[in-house]
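Listed next: structures, encoded as structure tokens.
One chain, chain A, appears in both complexes that follow, with chain B as partner in the first and chain C in the second.
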Partner chain A sequence: MLKILIPTMMLIPTTWLAPSKHIWPSALAHSLIIAIFSLLWLSSPGETGWWLLSNLMALDPLSTPLLVLTCWLLPLMILASQNHTSAEPVNRQRMYLMLLTSLQIFLIIAFSATEVLLFYVMFEATLIPTLILITRWGSQGERLNAGTYFLFYTLAASLPLLVALLILQKTTGSLSLLPLPYAAAFPLISVADKLWWAGCLLAFLVKMPLYGMHLWLPKAHVEAPIAGSMILAAVLLKLGGYGMMRMMVVLEPLTKELSYPFIILALWGVIMTGSVCLRQTDLKSLIAYSSVGHMGLVAGGILIQTPWGFTGALILMIAHGLTSSALLCLANTNYERTHTRTMMLARGMQMLLPLMTSWWFIATLANLALPPLPNLMGELMIITSLFNWSWMTIVLTGGGTLITAGYSLYMFLMTQRGPVPQHILALNPSHTREHLLLALHLLPLLLLILNPTLVWGWTA
Partner chain B sequence: MCSLLRLRAGARVAAAALNRGPGPGRRARTPLKVGDRALPGHVLLSQSLGTSAALRKDFMKEVESQLSSIKQTALDALPGSSWTPLQVNPNLPPERADIVIVGGGVVGWSVAYWLKQKERVREEVKVVVVERDPTYSRASTVLSAGGIRQQFSLSENILLSLHSAHFMRNINDHLGVLHEEPVDLHFNHSGYLFLASEEGAHIMEENYRTQRYAGAKVSLLSPTQLKEKFPWINTDGVVLASYGLENEGWFDPWTLLSAFRRKAISMGVIPCSGEVTGCQYQTNTVSTRDGDQVTLRRIRSVKVQMPNSLEYQPIECSVVVNAAGAFSAKLAQILGIGNGPEDSMAGLPVPVEPRKRYIYVMHCPDGPGLDTPFLIDYSGVYFRREGLGGNYIAGLSPQTDEEPDTRDLEVDHQFFEEQVWPSLAHRVPAFESLKVTSAWAGFYDYNTFDQNGLIGMHPLVNNMYFATGFSGHGLQHSPAVGRGVAELIMEGGYKTIDLSALDFRRILHQEPMLERNII
Partner chain C sequence: MADYKEAPLATRPRTLDPNDYFNLSPEKRRADEERAALRANLKRQYQTQLNNPHRQELIEDPALTRWVFARTNPYPHFRPTFKTSMFGFMFGVAPLFALYFIFKTDRDRKEAQIKAGTRDRRLCLSS
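Right after this comes the complex of A and B.
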């Protein structure tokens, strides 16, 4: 565990002490080495639930895939940010890298925490670097609004979580995740217990985000710089999912009834956000709303509390993290060239940058859950487990899948096909860096087809 | 789905236009009365004497005004000041826009309107129109004589005018805003009358054929027919005349500009008062097939200076449209177009410069009657009727070596005495006794290369579109030009009229497309 954490912490002195022309190569190389070492975590011992166990941190089949995703994403974020920060003074670039690294450290500790309160503190701590990234490096005046929405939605929902955790600490005596599943079931009957149940889950539902509380996500995504969007879409949303999966064990037996409205809200959100995507004009906003839809499915899968549901949720989280991040990187390559996020003004890109079209195609197909990609595996398992709970959900999930396919293809056809406007005829050709970035996103996704057992959690 | 929405939106506007109160050709709310004339296709023809208030009670407006008054009383009741931590100047343009149109004349606002018209979803593109003079004191649009004709020799010009005339005849279907007054352009369909002497007659005949082929309704008149139709003309020296029967005449340019502006703003275009004084661009050096190095520029942001202030706002944009009219070359110079070695592409400046033209208002009680067309003599002198009180406006394009000074808009009355009046009096004997009541001067955005419009992208600046250099016929082409530029930007090519002959290539290849008019 420390094998990865200490080098990540050391990345901060690296960025501050490296000479200015070596910052980006050295940060990239350093984070890439950390990422490759983190892949070793995937070779699990298998029998025991936890490995690499220590007082505070441990790995288990739920947190390992998310941790590997987090470590994998840091070099990708560094690759993606190189261009738009190149015009800034050196110290600001160092600051940027330090923010990304500190975010990484908080996320690693959060996912590997064995103590729920440590997880909570790290969960809150990730808000600060993200807020600084959005409000300082965002491109428009609306970024202040976006930062406010982002901070206060999550903060307001997570304060009840703190209270709920303290209550849990009082009743069980310990908040360690290791004995928590084996603790005696609590008699949860009063209204206060129901409020406690809601308090436990609300923070994670807002983070996921659940459809009714999702307003912060499109704003934050659109205003954030590319690295901020990537980490937001790929990992920070999964913090919500991971937290929910951890907390579910103590919330029995209330979940059977109380989760009803949230499952329905999540599924309705899939349809609604999909419909919104069909008439979106802003590319990044489209991808943000599609994230809300996918995470709605994840929320449904977790709240249903079956092995298939959990497995599907975990696979979908990993696959969506890679896909969404890839789509955001593609949108960024478009934005850096044409300087607009409006899809109408940058059409027919296939004629201009045909190699990018192949990446767009793979990422779009992943987004619409094409078999045999893990996106489909996750979605299918969640849909099946929901169908098992109630046959009527198939209407919502089926319609949602249809609309998802619709808007993914709409996005592809709008950006890649169509008449080429004259003002984008002369564009910078694709850089190797951009191809590398997208390859590093989509190659793991394709490799996961071959061995999905790595990411499917406890049902191994 | 999107075309359905557009159909419904169009139907809404049309229904609103139809349901408005009594207006020319609109269905009236009062029942049909005996003696009301009906035109085919319209229910009623009755004239409304214009009002300045909205013609229909708008429930939402009343509710909004009540709510705002309630809010104001509540705010007054509460203690506190209106200070906010973010002290922003509300007049500043936004920091980012998709398309910035430099120039708020009729061409600029036409482009803005058509861009919004072509978007499929509300607020798909963010359009900002930057105009440095909100009083339009030196703008060509409002100082124009306001004529529209299809009698050109280039088929592109003919088609542009034809489409613009159709647009203006149905202007309320296009530019009508719900709950607002309908647009009344005062379009006088009196037609243009071109007179040709012996030398120019064959050119007139060829032009006539081109015009008829393109769809213009023009007729040729012999001197006797001319004298029969317009007895006040002296047909001395006239061998042939060409008279426009439909879609020609004159209209009020200020109303067209305001209508475009009002409609575009109602559709979400952001107007901004300011001057573009600089821009940031990124350069890319590429080599052509012959091995020459060419620097391509891509505008990243446009710096807009607020009027009478040091404040400025850089607008990050993706596309810039240069509709600055007579002052387009100055904007192009900011970008460095024209700075380069003489023979190369980079050394070619944008060939648009302001040329001053005078218009004189005369009063002649015994002058030609109400059916006077816009008459253009072969000597270059022109006049038209203005209003119903025996007033006329006249002018003449000076010789190329006698171009007046363009530093100001002062009128040279000697010019009228020496050059305009003699030809006028020769052609229309009634004008021997007239009184000049007033005069003004305006700029042509004169294309020094071939006096025809420049529409399209500059080869060296990757995201700047030009719509300028119309040399006196910008106003009459503005609706169609706006549509063309909007099609270029949003759809990648011309869909209604093919204007690719009017782009920069003819300047690069030095092949002028001159109008073979007899003036």
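Right after this comes the complex of A and C.
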């Protein structure tokens, strides 16, 4: 564990002490080496149980895929941010890299924490660097509003979580995740217990986000710089899913009755956000709403508490992280050339940048869950287990899949096909850096087709 | 051309309609010329930008900017009327209650069947 954490902490002196010509290559190389070493975590010694156990941190089949995703994403974020920060003074670039690195450290500790309170503190700690990224390096005036929404939605929802965790600590004596699945079930009968149940889950539901409390997500995604959007879409949303999967164990008898409103919100959210996507004019906003829809499926899969539901949720989280981040990088390549996110202003890109079209195509197909990509495998497992839960859900999930295909196709056809706008004179050709960035996003996704056992959690 | 007869239900374009062509009032002609002058000005502006050899960026269309802003910021101008409240109710509130009712009755029926022993519960791997 430390052999990944200490090099990540050492990335901070690397960014501050490297000469200005070498900041970006050295930060990129450093984080890429850390990412490659983190792949060793995937060779687990057993299917259940914890490994690399220490006092505070450990790995298990649930956290390992998310940790590898986090470590893999840091070099990609550094690669993506290189262009838009090149105009800034050197010390500001170093500050940017330090924020990304500190976010990475908090996320590594959060996903590997064995104590729920440590997870909570790191969960809150990730808000600060993200807030600074959005409000300082975003490009429009609305970024202040976006930062406020992001911070206060998540913070307000997680204060009940703190109270709930302290109550849990008092009744059980320990908040360690290792004995938690084997603890005796609590007699949860009073109204206060129901509020405790809601308090445990609310923070994660707002983070995921659940449909009714999702307003912060499109704002934060649209206004954040590319690295902020990537880390938000790919990892921070999954913190919510991961927290829910951990906390489900102690919430047991009440979940059968109390989870109905949230499952319904999640599934109805798939349909509603999909429909909203069909009429979006802003490209990044479309991708943000599609994230809400996919995470709604994940929330539904987790709340029904079946093995296939959990497995599908985990696979979909990993696949969606890679896909959403790839789509946001593609949107950023458009934005860097045309300085607008309006889809209508950047049509016909297939004529202008044909190689980028191939990446757009693969990312769009991944978003609409084409077999045999892991996106489909995750969605299929969730849809199947929801069908087993109640057969009527197939109407919502099936309609959601249809609408997802619709807006993914809409996004692809709008940006790639059609007439080239007449006012576009010259666009920079696609840089090798951009091709590398997208290859590094989509190659793991394609490789996961061959070995999905790496990311399917406890289902042996 | 003089003996051209259009189809019975068609209308002639305004510039070829003899009533319009010969009976134009001076105010109408002045207004038309003003509008044509404005259009020509906008076209000249656009073409100056289009053919500028030093231009590196996209030409900004202020109408498009206003349209995009209007599409993305409807909230300050929202007015709760009967129609909008009905929309909100039909798509945001009623489905939640309807779905709760549907799922709850379905699952309660399943639970009752399990308790009575009438449900076929052979081994199910895909749960």
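Couple of notes before you dig in:
Convention: the second predicted complex is superposed on the first by the 457 of 460 C-alpha atoms of A that agree within 3 Å, B and C clash if a C-alpha of one lies under 4 Å from a C-alpha of the other, contacts with A are read in each partner's own complex, and residues count from 1 in each chain.
We take it that a residue touches a chain if its C-beta (ideal position, glycine included) is under 8 Å from a C-beta of that chain, and two chains touch if they have at least 3 such contacts.
All figures in this text were calculated on a predicted structure; none of them were measured in a lab.
Aligning the shared chain A places chain B and chain C in steric conflict. Contact with chain C, but none with chain B, is seen for A:M272 once the two complexes are overlaid on the shared chain. In the superposition on chain A, contact of A:T281 is made with both chain B and chain C. When the two complexes are overlaid on their common chain A, residue A:T364 makes contact with neither chain B nor chain C. Within the superposed three-chain model, A:N428 lies in touch with chain B and out of touch with chain C [touch as defined at top]. In the superposition on chain A, contact is made by A:G141 with chain B only, not with chain C. When the two complexes are overlaid on their common chain A, residue A:T342 makes contact with chain B and with chain C alike. Looking at the superposition, the partner that touches the larger set of chain A residues, chain B or chain C, turns out to be C. Of the two partner chains placed by the overlay, only chain B lies in contact with A:V420; chain C stays clear of it.
In the superposed model, A:Y260 makes contact with chain C only, not with chain B.
Clashing C-alpha atoms between chain C and chain B appear in just one of the listed stretches 44-52, 80-88 or 98-106, and that stretch is 44-52.
Where the contact sets of chain A with chain B and with chain C meet, they give residues 281, 338-340, 342, 344-345, 422-426.
On the side of chain C, the complex with chain A involves touching residues 50, 55-59, 64, 68, 71-72, 91-92, 95-96, 99-100, 102-104, 106-107, 110, 124, 126-127. Those residues of chain A whose C-beta lies close enough to touch chain B in the complex are 139-141, 279-281, 338-340, 342, 344-348, 418-426, 428. Residues 260-261, 263-265, 267-268, 272, 281-282, 285, 306-308, 338-340, 342, 344-345, 384-385, 388-393, 396, 422-426 of chain A touch chain C in their complex. Per the touch definition, chain B reaches chain A in the complex via residues 94-96, 98-99, 119-121, 123-126, 284, 286, 296, 298, 300, 316-319, 456-457, 462-463, 465, 488-493.
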